[in-house]
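Listed next: structures, encoded as structure tokens.
Note that chain A is present in both complexes that follow, paired respectively with chain B and with chain C.
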Partner chain A sequence: MNKEILVRLEKLNQLRLTEEQEAETLAFFAEREADMAIVDAVDTQEVERMVHVMPLENVLREDRAIEPFEREALQAGAPAAEDGYWQVPRTVD
Partner chain B sequence: MRYETVIGLEVHVELATDSKIFCSCANRSGDEQNSHVCPACCGMPGMLPVTNKRAVDLGMTAGMMLNCHINRTTTFDKKSYYYPDLPGSYQTTQWFSPVAVNGTVRIETENGPKDIRVKQIHMEEDAGKLVHDTLSNTTLVDFNRTSVPLIEIVSQPDLSSADEVVAYLERLRSLLRFAKVSECRMELGTMRCDVNLSIRPEGSDKLGVRTEMKNMNSISAIRRAIAYEVDRHIDAIENGTEELVQETRRWDDEKGMSFAMRNKETAGDYRYFPDPNVMPIVIDDEWYGRIQGTLPPFPEVKKQQLIDQGLTEYDADLLTQSRVLCDCYDAAFAASGLAKECANWIATNCLSILKKNGQTMDDLEIDGDRLGQLVKLVGDGVVSNANAKKILEVMFEEDVDPKAYAEANDMIVSNDTDAVMDVIRGIVAANEKDANDFRGGNEKAINPLFGKCMKELKGNCAPQQLREMLIACIMEG
Partner chain C sequence: MSLLINKAQETAGKPVVLEDLVLTTAMPTTGGSKMLDGYMSLFDAEVVAKLEAAGYGIAGKANIGEFGFDLMGETSYFGACENEAGALVSAASQLLSASEAQAVVGLDVNGVQRRAAAQAGQVCVKPTYGTVSRFGTIAVVCSGEAVCVSANTAAEAQDVLSAIAGHDDKDGTSLPQAVCEKVKTPAELAHKKIALAKSLTAAADEAVKSCIDAFVAFAQDAGFTVEEIDDALLVAARPAWNVLMSSELCNNVSRFDGVKYGYRSANAETIDDLYTNSRTEAFGELLKNTILFGSEMLSEENYMPRYDKSLRMRRVVVEEFARLFGEYDAVLMPACSKMAYTPAEVAADKFLCFKENMFTAPASIAGLPAVVAGGVQLVGPAFSDAALLALAGQFDAASKTPVACEASEEVR
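So, the complex of A and B:
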């Protein structure tokens, strides 16, 4: 992580960090990179690759549509809704 | 300098399931906004997705139809990006182990057949739809399409012209429709295409700067967009009109121009990681074999089989445009043994009713076996053509046995020639002028008499037989 990557991530995520926040974030990632370096140093050549963290597979359901959830209940917590739509600040494609 | 065009396609295809990929909301377009939504597909915290097995079946089917290797362990990953049509701020997709890899699609080009390599097919969820409201200057969000199952078919950059792109898309469409993976209707957005394009000096093996045009949904627009982009790239290289950068562009078909949307993200920007909420899928031999057993022959193989049965190339071509039509024909032919007649009934009468109902050929739901019985009743002279058409209309509404329906509704052709002749005599007697005109050489004068007889007989008479008996009766008089 460096300043250039951070600025790019800010842009992609539509975030605007203050200089202080940027410094904190860079410091945070520097610590995490140091942690990862410890993990990276472990010899895992003989360890089988883990596909998934949970010991489960094929958790599947049949293709059957059910009654939809009540729209008004879903939108009850929305900051803004109009005519059945969620309403958000204007977004340009 | 001469240039060659290098094109790779990412084709998104909506899977023909009844429900969404990770929840049980209906996969149905055209309904009222946010009428097929739940906490899971709206990205509410704490919700757990559960994978739709049918979506995996269709992903595997697509892979097999495109000659891919099917990964026996396939997993889902989170692709993080922020946009209002993506309520969870990530898309569940397949990055590390997609369902199918390393396939080929053979297309016909002016230089002969060409194999286009398919890098991978991965399953993923669709995003919602945004409506920009100019009155309130806000954006309205409809999540009905969110989490609708998609496959993305990623080709290698093996295509080198708009003609090849069109041939590839049409081939994909034909194969996937025939395997009932998807309707693949570009006009409805169930098949969409991102075009990755660059140019390079002819003979060079180094790829140029690549731009991506997103969400193309018509063949003609794709042709125009490719022509425009090739000219733009050449202009930039030769005349320095602009600096080419790797970016995502939007094609405006009305203006006939492409516009930069955003710098192209790289894989790292998406921070892919295994989705801990979606469990891996392990495809065992039984599952693999079951899907393999459901694969149809390739459309061109089936078409030749139909031609061998006696159908015209036109009819065979029409039937193989849709597996639904083809299955209906197969069942009808098996029940009747009348190849041409069954094809005609489907191509004319069935499609005509579908069109009248505002439906497509994939909406044909009548029982092919019963259609075959109906065609045979007509062929055997048991039911007249006119009455058979009425019965067919009923068969579109309800599941009826055509013979039982004909018997119950007085639609069986009469074998009682005496009774038919009685009707004819009565009509001729009541319409002496038409009869005299016919006798006088006006051949058309028989038509109203014929119509009146048929009406009186409720259509239950073989037309040729009725005509012969009518002529005999008139000339006797």
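So, the complex of A and C:
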């Protein structure tokens, strides 16, 4: 991990850190990396990855029509909306 | 200091408080974040419906740290909570002490509720994964978080757990009803043996160890054998959990972009500015660091050695617990390293929650039930929730008369 990678991560995640925060974040990454030595010491070559702890059943079910949320209600908490549309800055010139 | 950040206008039934990751239509849901300040959900969480159907009334929403994964609520946009002794406390535990609330229902993302209950002398149950619907909770760490119950007594916690447990078609990780029913009735603890996690206990201070000692004495009096075990694989759960937690959190909070709801920066001339400035201005420092760490763990370079390795480590921990439960009824361990955290400690190490979760990560990563009472934590096999609560309840009642655990120096 270095500053260059961190700046790329900030851009990818739509975040911006100050110089001071970047230094703290690099220290945070170094701590987490050091932690991983405990895990690296465990041989997991022959261990299958476990995404879910419970055996999950497929929960796909028949489609059925339900009442959708009203557009007005959906947009009641919008930062900016007009005529039923969400407003954002111009995205295409 | 902010405890109850929203109070219900009317409360019918036995009062229960919800932590603020649980969606409600009657009150805003903020997740403790500036991003969702004032956010009103269009639907209630399934646990709200289940609580009301069982005769409980929602008395209000309790303050939490930003998206519920910090040490003790210190990252809340609405301010951290401190007790009279100057220690950090969770709003939920303060409300249980100082109000008529019978219980607090929240989302155990990274063990806050268990730490809080241990320090406040209360009871908390993080149920078996999949037995309580997470529909309508703000998703943070979907593969390990669980709706949990905190209360003053084990009996009250069990009552509320029984009310909210059950299958829900709306939650893809919800287990069948017959399986969920198991958490409502205590099964026999057949082995009559408790495993004591050696290293985890050694990592705690004397005040916490005195609670562990008190439980050991109680269990032996009750006919249990208590044996110290090598818990190296359980200790290794923490770094793996931190990778999985951060990776899932990174994805889950990517939805907060300032477009359709939530905070939007006033300083946004382009769509990229809108996203970046909104997230930068609304998110706290711990959250930003965790997003960035999670993102890096999912990168091409780190996916296999870190993320995939952590998923394999999850199986190692699950299998280690299974091996232990072939011989023992439960694993006894602390829920926290000390009986109080001070704001100064957290200011000196903003990322303490990534270390202190060594006690809560094993049950979280394995989806196992964990019960905190009398300052100790018991982790049991899947669906042993009620049995753990019954045992912990007996200990809790015994330890309160007289007080068995010594207070930490800081809070004396």
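Just so it is clear, the second predicted complex is superposed on the first by the 79 of 93 C-alpha atoms of A that agree within 3 Å, B and C clash if a C-alpha of one lies under 4 Å from a C-alpha of the other, contacts with A are read in each partner's own complex, and residues count from 1 in each chain.
What we mean here is this: contacts are C-beta pairs under 8 Å (C-beta built on N, C-alpha and C of every residue); 3 or more make two chains touch, one makes a residue touch a chain.
Treat the numbers as computed from the prediction; the structure is a model and nothing was measured.
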Touched partner set for A:36, first chain B, second chain C, both or neither: second
Partner chain in contact with A:10 - chain B first, chain C second, else both or neither: second
Contacts of A:44 with chain B and chain C, given as first, second, both or neither: second
Touched partner set for A:1, first chain B, second chain C, both or neither: second
First (chain B), second (chain C), both or neither touched by A:68: first
Chain B versus chain C as contact partner of A:28, first or second or both or neither: second
First (chain B), second (chain C), both or neither touched by A:19: neither
Which partner, chain B or chain C, touches more chain A residues: C
Touching partner for A:82 - first (chain B), second (chain C), both, neither: first
Touching both chain C and chain B, counted on chain A across the two superposed complexes: 9, 12-14, 51-54, 56-57, 59, 61, 69, 74-75, 80, 86, 88-91
Residues on chain C engaged by chain A in the complex (per definition of touch): 38-40, 42, 129-130, 143-144, 169, 172-176, 233, 235-236, 238-240, 242-243, 250, 254, 257-264, 268-277, 279-280, 283, 285, 288-289, 291-293, 295-296, 306, 308-316, 318, 350-351, 354, 365-367, 382
Chain A residues within the chain B interface of the complex: 8-9, 12-14, 51-54, 56-66, 68-69, 71, 74-75, 80, 82-93
In the complex, chain B residues that touch chain A: 17-19, 24-28, 32-39, 42, 44, 50-56, 73, 75, 81-84, 97, 130-133, 136-143, 250, 261, 265, 269, 274, 276, 279-282
Touching residues (chain side chain A, partner chain C) in the complex: 1, 5-6, 9-10, 12-17, 21, 24-25, 28-29, 31-32, 35-36, 38-42, 44, 47-54, 56-57, 59, 61, 69, 73-80, 86, 88-91
